[in-house]
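Below: a set of structures, written as structure tokens.
What follows is chain A paired twice: with chain B in the first complex and chain C in the second.
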Partner chain A sequence: MISGEHMIDGYYNLKKEDLKNLLKAVIKDFRLISPQPANGADFLFQETEDSGKINLNYDITSNTLKEFFFPARETVFEYEKRKDGSVETVPGADTFKGETVFLGPRSCDIRAVYFQDCFFGKEPKDSLYWRKRDKSILISFACNKPPRKGCFCVYTNNSGPVLEKGEGFDLQFIDLAGFYLVEVGTGKGKNFIKKYGKLFKQSDEKILAKKSCIKESCLKHFEKEYNIMDIYEKLKDINLEKLWEELGKRCTNCGGCEFICPTCFCFYTQDIEHSKGKGERIRAWDSCIFSGYSRMAGGVNPHEKNSDRISRRFFCKLYNCYKWFGVFGCTGCGRCSFVCPVNLDMESFIASLMKTDRYQPLLKEL
Partner chain B sequence: MNNNYIPKVVRIERIFEEAPNVNTFYIKERLEFIPGQFLEISYFGIGESPISIASCPGEEFLRISFKRVGGLTNNLFDLKEGDSIGIRGPFGNGFPLGDLDEKDIIFIAGGMGMAPLRSLLKFIFCKKQGNISSLTLLYGARRPQDILYKKELEELGENIKVLLTVDKPEAGWQGHTGVVPKLLDKIELNPLNTRAFICGPEIMMRFTVAKLLKTGIPSSDIIFSLERYMKCGVGKCGHCYIADKFVCRDGPVFNYKQLSDLSPAEIL
Partner chain C sequence: MIEYTLTTCPFCGVGCNFYLKVEHGRILGVSPSRNHPVNRGRLCVKGWNAFDFVTHPDRLRKPLIKENGKFKEASWPAAYELIVKNIKRIKTENGPDALGVISSARCTNEENYIIQKFGRACLGTNNIDHCARTCHAPSVAGLTRSFGSGAATNSIDELPDAKCILVIGSNPLEAHPIIGWRILTAKDRGAKIILADPRAIGLSNFSDIHLRLLPGTDICLLNGLMNIILEKELEDKDFIRERTEGFEELKETVKKYAPEYVEKITRVPRELLIKAAEIYAKSKPASIVYSLGITEHTVGTDNVSTLANLAMVTGNVGRLSSGVNPLRGQNNVQGSCDMGALPNVFSGYQNVEDDAVRRKFEDAWEVRLPGKKGLTNSEMFEMPGRIKLFYIVGEDVVHSEPNSKHVISCLEKAEFIVVHDLFMCKTAEYADVILPASSFAEKEGTFANADRRIQRVRKAIQPLPDTKPDGEIVMEVASLLGYHMKYKNASEVMDEIAHLSPIFGGVSYGRLEKEGFLQWPCPDKNHPGTKVLHQEEFVRGKGKFFAIDHKGPEELSDDEYPFILTTGRMLFHYNSGTQTRRTAILSREFPENFVQINSEDAERLNIKNRSKVSVSTRRGALEIKAEVSNNIISGVIWMPFHYADKLTNTLTNNAFDPISKIGEYKACAAKVEPAK
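And then the complex of A and B:
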């Protein structure tokens, strides 16, 4: 594990009627972020002090955990220029308010945090990310029912529906009708159980066996058509220029897929002057689909064409990320399919890729 | 864990006009670095840009040379001696300095690409000269007055062969005319004993590499420094990656073999 925790064996049962008591206790001791209904049919991860507002019977949230650890915009530092020509800098304040429990994320959400942990944990570690992430406890709620349309976690190297130890959760709750089977993933999870020990009962092997039953029955609902490793190999071995060109014509460069994506990590920085000689440097999400994304001073742009940027995006997610960390930059949450106005989301892309018959050996010029 | 995005504030000791629209800042800052590494330079209120270190390790001043090309560099021209800028770094891998003994070393620079190569040239010239078989510099600029470090290059003397070329010659110009790769026709190469270090605009590097490969120089002996939009310098912001490499962290110096092995093969 990135955070350097030891794996600890441990399974517990929590009675369903005790969940309310647990939530109440957690709200007293921690900041709690949980899925809540908002704006009609949408669910959002939001901070709450009212356990009654929490609804764990949801498919997927419209926002992702990314925005809590790597916000859409944050202050890197503030500066003030002095009369003598020198400049004073002050680190941006930590806006993450204390120890926080995230209760209710789905398996795909957890896998996305795992990916970002790998990315922002690679040396030199990203301090702005870790000062928030280190104060967080992730309690995931595994999926135990047929997926909604657009879920494909199963195909992205097991990003769901039920996770195993070491895959990113501190605690995993598995709904077993009447009670939850609670699986400890890390030391943080173990401490949490200790803190609320009265509510948790040691589980037994018989109950544990139900975990795999739940997993099996959920898996049956996915009609497996592909394996992401085939996609990886295909991207590596074949010339897809024609496909990129076609997709490039469709993409509108809105960047929605990347802002909603729980694994996308790109950012830009910008100085904002609030008054003469005084201001801040912010960092904010960026999108590699934007035309000016890699444009350099002087105007040279290595990725001027839409098709180049589309190719980079999918290569990054389905090839580079795996090469870097052994996990894909897609966890199958399917959120990009909600926002893309031209059906260029990950699942459609994979479908196009599987259909494309213009397989030619990669031409290497020069 | 420190906030690694906060620059250190340093004072500009001296500003020197190298060429029209090219200035060099002299900064008194003890910094350990390797030729070919770069700094993120901040002008507070405008932002940050990656700029090569032009000085050689051990020189009294840390130097950066920059051209007026964009938002940040435009503003750097407004600064006066005694003013402050922010620096972060050094970042990147730098030029490989090993295994140079008995080699014929050739530096090939185009325009501002001379800045990181000045650092390397100076380093090899001062520290390694006795062990090197030969040193050659091929350098091209737009006009004669755009040639950087002119005086220093003249002072290098007989120990290095310097060939200069410009796109637009003027009366009195005694060097060559035309693009940098053409200078390769004017020298004799021993392909199996040559190490080439290249920095310049991508199009110039592309033609130079093609020509060098034709002479039979192994692709791993063709080494160049790439330019990309490197916003963070530490492999996080995402802007500079090529295939699965971050230019700011895994580069900016690559040899041609490394780049041609990448998939997708994006450049050069």
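And then the complex of A and C:
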């Protein structure tokens, strides 16, 4: 037993060999969603009842946590017109079953959930989102080094590679060779530790000090050149017309960067009539890069040009979101660099914006 | 619980892979496969939305039988009974060659194999074709006669390493966006891009040289490039000597195509021609990428062979990142050709008129087979009454064949028509029986993409109630006609294909699961598949030059019809639009048909942007909106063909390439005037 004066609240140690036991216990008590290799060599966040399928040594998942709380499409309500002309509506069924533990997301993914909490948490709160989100426990895994070359969380200043309390996790696991340092972020996290108290041992200051070492050593792997506030200022100040024009010519409007983006929150709604008088209202992911996103009745479009829409996208992520929520709309996960079919991604954009007046793709993920 | 099923995109021929996300039998969306070698995480807007149509309320859910001009819901047995009765009757009265089967490039390989087997072994006719006729039949014919194989010579993932890419008659950023990505990546890495297209398209922004030629002058342009290359002695003499034949004739023919002469016919300034020829000949490896701007002409096959000439002159065949690469337009148009959904070949391009081949299939299928090649799509629709019974699987011929009115007259004259489809469509309106089919998300199978890559299609949801996959339907009809195909699953069909077709000999579901894909030729179990064709020698031995002279389109513009109308595909829609126009995000972008016209022409005719105009040809007229810009050259107008309510193909010309029988969609004479 370590002496009392060095012990600290809210930090625990978990032996590596106990992770398996923890996973097994969690699967019994909760629904568990974790990174798993999928058919086709990708990793995906997926539900599993077999702890053997979980792989925490992954580079990046091809899906994001967004789709669990804000699915690509969901039923808002079902409706039926009655004979007397009235309409009966029934809220869409809640398909998010039971308390769910998300174990294995990285810092950038957790920050994205935090961001979406900000958006969907504005009054009036979005009930479809929160009825899922409230049932979730987020256990994040900090990065000891960047998992792939397309990572750039350090640019965005507010995410990884190692998170601080209040940045979105319920629990954070930090890999310290033989064991994990487990940091409690919220009451949910505290209860979780209590539940599996046998596996966790209270940590001490000496061990906690290693957290910042891990962070420091991970940061060394990045070529950190930009501070997000500089990017913010640069967007505000200069006339970027030419750059937007250039990007407008490049983008082919697939919407992929927005669909894959873990923070993008735009959706459209549509009433689908399945049979006469009976149907549902759905909401589904939308993208501000589409002309139809802001075209008004009559055909007028305040964002007619592709360059206008591109500029709106980057302004939203790197400027407006900060003004609205105090956090930036990019967590540096870098997924936009592997979905973009015209090599137009956030990291390349930032590098181009800060270095030159022309767009130069970094071509990191081909 | 959300389940993720890896499958192949059902739209164009690039063959991107994604996961269909399904929760409780409902498709929520797609996630691209990041590590898939074709798309590496990329999808176009159609791919991202390739699920919305699957459960659309308009899906056909019950067989429909036409009674007194109106469709009535019927049971499957009743529909089958009527079909079988009519097939038997018409076959007895008129012989098997009065029947015509149109297969589908949208269906899987296994289904196409079953459908051609149904036509040949059960109905007894080789009258089997599909829409490859209207896209890359000239590629199959042209590349086969030049190189010995009708498929793309190289692989998609080699494009980023090319030093020069000549893109001709192709709009890859819209029609094949993920190949467009590879081309753009080559550019981002410093390659030179030469674009030949009458229109300003997305790729114009990234091309080093844009040759804005008049539609229908491709041979002239290409002969002009070869003329310059030979004049400047930039040809690959060793390659020509060692690996080709017929060069002297070619040399003689292209002599005439001096830059001045070519400029007059194509309208491309001579300086640009010279620059383009130099860049293409000097940057190695150089790749040629083309699509329907080359093929959809009465000289389609000659266009393709001329491209082959250009590649051989510079030695750009048989090595990485070079070659002549047709971008196949449909998810499985390569595969449906491979499977023998063609009137002249069995699976694996084995000639139906070859006695030994036929005997092999007769033994395997335990039936006598017809020994003469059948009719192509175009020939089936050559004159009304030629085909008495059409069995059409998922193709909208009224929408997609040139000169819709003529096609309709052929359908009206037929005695009986069966159509399988997901949705009611133009062609289905003329059917006697419509059978509700299942979509790609509801079945197991494989597609072959533009670079001969056989990839799995996996069932993500059960077939919608009362719908059936096309292959299953055809097997059931065949059984009722007394011919039994007893495959337990798609994998067994593939085993038979591999057994009977040498180029697929090594293909099996076991290997596809393990290796992800196989590129044919793959002759045996240990063969890794073939990335680059014609490496050591051409499939036909020596590459053959065809000396070809320029010949203009069948219909030239004149005083009455002063414009050249050319047609094409857009980013947000796919072919007849039955799926993309039922996808909320896609149809929102471009909800209606339009015509592109040059600003000067528009001003002269008093046509304003977005105003209504009438476009007419000798075959029909349409009232649509005008899009006025300099994206198109003067004297030429362009229309997409995706809109069933304003059918562009009522205007196009049903003149055909004599070799491949493709229609001339890319050039006909037209008139534009403000709508009255």
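Definition applied: the second predicted complex is superposed on the first by the 342 of 366 C-alpha atoms of A that agree within 3 Å, B and C clash if a C-alpha of one lies under 4 Å from a C-alpha of the other, contacts with A are read in each partner's own complex, and residues count from 1 in each chain.
We take it that contacts are C-beta pairs under 8 Å (C-beta built on N, C-alpha and C of every residue); 3 or more make two chains touch, one makes a residue touch a chain.
Just so it is clear, the model here is predicted, and its values are computed rather than measured.
For the composite obtained by superposing both complexes on chain A, the positions of chain B and chain C are free of clash and fit together. Once chain A of one complex is fitted onto chain A of the other, the partner contacts of A:Ser127 are limited to chain B, with no touch recorded for chain C.
In the superposed model, A:Val342 makes contact with chain C only, not with chain B.
Of the two partner chains placed by the overlay, chain B and chain C both lie in contact with A:Asp286. In the overlay built on the shared chain, the residue A:Glu47 is in contact with chain C alone; chain B does not reach it. Of the two partner chains placed around the shared chain by superposition, chain C is the only one that A:Cys254 touches, whereas chain B remains out of contact. Contact with both chain B and chain C is seen for A:Gln270 once the two complexes are overlaid on the shared chain. When the two structures are aligned on the shared chain, A:Ser62 is found in touch with chain C, with no touch to chain B. When the two structures are aligned on their common chain, the gap between the nearest CA atoms of chain B and chain C comes to 12 Å.
Chain A residues 268, 270, 273, 279, 286, 295, 365-366 lie at the interface with chain B in one structure and with chain C in the other. If you check the complex, the residues on chain B that touch chain A are 1-7, 9, 11, 42, 44-49, 69-73, 80, 82-84, 86, 201-202, 209-210, 213, 227-229, 231-232, 234-241, 243-244, 260, 263-268. Across the complex, chain C is touched by residues 38-42, 44, 46-47, 60, 62-63, 67-68, 71-74, 95, 97, 249-250, 252-256, 259-260, 268, 270, 272-275, 279, 284-287, 290-292, 295, 299, 338-343, 361, 363, 365-366 of chain A.
Chain C contributes residues 1-2, 4, 6, 17, 19, 21, 23-24, 28-29, 31-36, 40-45, 47-48, 57, 160, 173-174, 177-178, 180-181, 184-185, 188-189, 202, 205, 516, 571, 584-585, 588-589, 610 to its touches with chain A in the complex.
Residues 76-77, 79, 81, 85-89, 91-92, 119-120, 122, 124-128, 130-131, 236, 265-271, 273, 277, 279, 281, 283, 286, 288, 293-298, 300, 302, 311, 315-316, 319-320, 323-324, 362, 364-366 of chain A are the ones that touch chain B when the two sit in their complex.
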